[in-house]
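Dropping the structures in below, format is structure tokens.
Shared chain: chain A. Partners: chain B in the first complex, chain C in the second.
So, the complex of A and B:
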């Protein structure tokens, strides 16, 4: 039977030991080339062997542990999701997470790595697979048609004990099972399994290798006498535009996803850890270091929490929640009423705090619960062996959150406990030093600390673009004294916004449904495109250049400097 | 001592010497020789250095040496204080020289295919490619069983030798001769290990490997 590109069967494509850590294996199944790599967490990825960017083979890329880096322009793709996490040509850009490489199904079993051309069939063990501790032989590539290889294997059987032909190009000869991997129309790999590890494993491996080498030579001699079959012509489907385009500055809030609280624990004095996982055990969406998720709370509030995870760590998100008494009811609800096993709705991750990975020196400064995004950043830099220093200021030793995660880092991690304000200032002064080319500092912590670092950095000559921070709260006093008109281009409506009312309120009163969440200019939910007019930005969500572009605004707090604004609503 | 390498940047045989000298931390000067398209290795001035008209040539003060394998042995014996790159032991010496000969076979096949495809040389491409595949199969098998026996390198010692340096470049450059290494997974893993040797350096077409896993 000729090979079919759409054959839904599972075939072995490698041995488990073909995939040591930090290696990328080059494979092929039914004409399609594969880049296969094992992440540091043990997960095996089977991807189409080309970078979405310029089509270069990912099998010559670098396995960074939890991300695969293309050798050509350094695009990085996450373990499990194959989502792009970083584009060096856009080092300060936020989400590239929608860009996702083509993946194939994968299963590691019986000492082999299995894959299939499509998702049509669930993986099923071969007949008689269970109950044995299978031992893989040295794979034997053969330049012959897979069906001829199957026939050749079957002919190895003695007359009184014919070979057992199993479905999926599989031959059982006595206790040995041989799988024929259909590489292409004229190429195959014989992958044999013994039911257990032989007493003298090396001698057995050499014996079978010699045996299969003879078979290979016979099959290749026979194949050379026939016309070579036409290689399969796989179509390299274009990845859907949705998965391959660079999102705009801000991704509009998409659907929420439901996650289960798989673990809740006291990470430190005053900090509760929550681990959120998919209910079916699938991986969660790709995120970048510095990203956060919206968590929809049982009382209807929506709050933002940073993801603390390292790269390619997508089986769950871990967030840290501050147990504060002054909470408006956000953290409090999470801490007091949400329990393990509860289901919460969260948004897809979004990133207002992108990490450059081209700095010669990266300084991460965390205050209290501000450790959460910086822990993620440190983990990404750590995996890529990039230099960084993490300075974590806490009230006392008991309030050091995520201690074991910090201990696992290889970089310079400094915990500063119980320092008074002046001492903190002195330490930051020392840590930063005068600015040098390609140095970047990232700060997350209480407002006062943020200001202190910004002031110190400015005094030491650090330019604004080297000082990175993120606000979760807008502490500014909103000036709502202006009055102006808004023209809603898509709704064909002109509305007047009087002093004391927000654009959002006026639109809602006019019967429009407009999404919003924090309503203090911090979360980005109500981001709106501005077509005409000059915006009076009062949010802490947009960065300076975004504000200066005058192309978007937060309708919950920002207003107009001009008499009229035209909005894309 | 003043070492001068008569070098063509895109030559894998010249790269073998740059690689070992980089690993050994040896300073050297380069005299570029326009192998392609200038065919300067057939110019009179070069033939006076090496009548065989082949790159590389290495001068160490007044001593003039040619043949990449021979020069690898010379550099290791003279400048490698650790003695690991070309050990004195007779059996290991024989083993290394055996692989230096394999390296020459790789040059005659993989490099020939590359020269035919990329440098306008009139070599039999199909024959060269077939020859390279035959050698790669044997090396893959040798390295696969090596991994099983706890041997990471081509020769018996628990560290790399000039045998690994000599065989490495035209294995890595084989794709430029239309020779895929997909069927040689153990050979591909070995190229990762070579690229992780401290002091490793690259050439056009040979990329560095990422760092190994640290626990």
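So, the complex of A and C:
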């Protein structure tokens, strides 16, 4: 039976020992090259061995622990999702969400790493696998067709005890099980397992290795007499069309996903931690440091919460919710009515607070619950061994949230408790110091604190581009003085928006049902595609480049600069 | 069986050797577009190129006995030939003729990758901090700032201007980090010329040319030209500097897959920093080049 690219069987592709700490191993299966690496959390990744940017092998990349870094331009890909989290050539931008490398299923068992060309078959142990503590022999590469290698192994059996051919190119000879890894049409690797570690492991390894070397030589001599089989031609999937058109601005049309509250706990007085996980234990989508998710609350409201996780940490998202922040019943519902085991809808992560990783000095300043995005940033910087300082201001009597996570950081973490306003100002002044080249500060906290840091930074000569913050609430005064027309392309309607009324209101009056939630340009629910006309953005949801693209808008607060807007409604 | 080169590629002038390094009266062999070539220089110093038959590298030969010669030109220190019907002109590099410049061919390096991939690498600033660490770039200065790209209709070349990058040691004569400004030209499908702000004289620019000899669709030789306004470094220094740079690129390029340059915009993921590469790929596509590339399926 000829090999097929879509063979759904699981095969061993490496030994567990091939994946030491922070290493990247080059594997091969069915004509495809694979980059195989173990993250610091123990997870093994099997990816297509090719960077999506310019096709450089990821097996020559750098395993940074929870992210893999490509050698050519330093793109980072996250553990588990293979999603790109950082593009150094554009350090201030959040990479498009859809840049995600192809990955293959993986299982580590019996001292071997297993993978398959697709997800069609769940991993199943080979017959008789359970109950033994298997010991892996040295792999033996053979330049011969995998099926010929299987036949050759079977012929090793003594006449009175024929070989047992198991599914998936597997041969059992007595107590030894041999797996043939189909590298390509004309190449294979024999991987053998002994049922237990022999008394003299080294001697056993040597003995079996010699044995297999003879077999290899015989098989290769036979293969040389036959015409070489055509190598398999793997197909490389194309990237999506919106990624190919270069400007990495895609309309952030958020898909929602359902997650289960896997843990809810008191992280500090007044701060409740929520751990949100996929219902089937799969990993969640890639996020970047500083990213947030929209949480759809049982009462219909949508609220934003920052992800506190570190790099490649995708089995759950951890968010922190402040207890008394009960404005409009948002967080209150989460804190009071949502229990462990409940299912919530969340958006895919969005990032309006991207972290540059090209700074010579990064200062993170948090006030109270504002610690959440900065904790994530600190964890990313920590893993990449980049210099940073985290200053966390808490009120008198307020305790430190996420204490154990903060304790696990290696960088400079300073907690400032119960300082009066002036003392806070003085501390910030000192912490920032005069601006120097490639220094950046990130702030998250109450509005008053944000203003204070902005003011201080400006006074010390920090340029705007070096001072980073994000809004979850739109505190700006909305200028609703303009009047203009909107043409609704799909509804075939033209409406007039007078001064003092929002686009959303006008559409509703005309009988259209359009979704909204916060109605202050912060939650993203009313996001609409713009086909023509120039938008007067007044929201805090879209980031700079999304606004500049002029392809989408929030109809609850934003208006038109041009006399007419054409919307995809 | 190798693919026959497309007519555009066949009719181009291709670089095959540094003229000075061609031995007088001895055979040199090479490969161009999957075709075996033999080269030598006659007593007049003029290079002669012909289709190789049974000649071996190092054989003695009298140039006068070679009759079925391929067209030859010498330009920028190199010998160029053509397997089809060549155009009259090779692209211009006017600076080459300026009297106070040090012009030199800095050697050749074989790279197991297609010539267009090597051109793209030459145009690429984003890899400086990672591949040419502490020479042409260094972390954390990884940003590729906005620059301009156009395809000049009248000169039929890709032109990238206002390219700026922070460099620790941009050239042999630079001692401190500075932002350098680059202009890139791609005047030939397999050649590119770079102009870079010169540490010694702000009004003038150092010129570096890379001429790629497509040996097969997946193998090339990079020939380098430097035309510098550098009065302090010796030729050996400058050569060594450029060879270090290309020695660093080689292992990365040889790990690129596929080796041919894919012209389908969806084959890889371009970012704004790759504007010049995108323009280059489009330009090749429009010209109808199919050698060393994976043409876009129509």
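Here is the rule we go by: the second predicted complex is superposed on the first by the 477 of 569 C-alpha atoms of A that agree within 3 Å, B and C clash if a C-alpha of one lies under 4 Å from a C-alpha of the other, contacts with A are read in each partner's own complex, and residues count from 1 in each chain.
Criterion: a contact is a pair of C-beta atoms (placed from the backbone, for glycine too) under 8 Å apart; a residue touches a chain by one contact, two chains touch by 3 or more.
This structure is a prediction, so every number in the text was calculated from the model and none was measured.
In the superposed model, A:89 lies in contact with chain C only, and not with chain B. Contact with neither chain B nor chain C is seen for A:515 once the two complexes are overlaid on the shared chain.
Once the two complexes are overlaid on the shared chain, A:99 sits against chain C while remaining clear of chain B.
In the superposed model, A:236 lies in contact with chain C only, and not with chain B. In the superposed pair of complexes, A:2 makes contact with neither chain B nor chain C. Judged by the touch definition given at the top, the superposed model places A:25 against chain B, while chain C stays out of reach. Of the two partner chains placed by superposition, only chain B is touched by A:385; chain C is not. Shared-chain residue A:202: touches chain B; no touch with chain C. Of the two partner chains, neither chain B nor chain C is touched by A:433. Once the two complexes are overlaid on chain A, the chain A residues touched by chain B in the first and by chain C in the second are 33, 60, 71.
Those residues of chain B that touch chain A in the shared complex are 141, 144-145, 147-149, 180-183, 185, 188-189, 192, 207, 209-214. For chain A in complex with chain C, the residues that touch the partner chain are 33, 49-50, 52-57, 60, 71-74, 87-92, 99, 236, 238-241, 243-248, 357-360, 386, 438. Chain A makes touch with chain B in their complex at residues 14, 17-18, 20-23, 25-28, 33, 40, 60, 62-65, 69, 71, 138-139, 141, 189, 201-202, 205-206, 209, 385, 410. Those residues of chain C whose C-beta lies close enough to touch chain A in the complex are 120, 124-127, 129-131, 139-144, 251-252, 255-258, 262, 264-275, 278.
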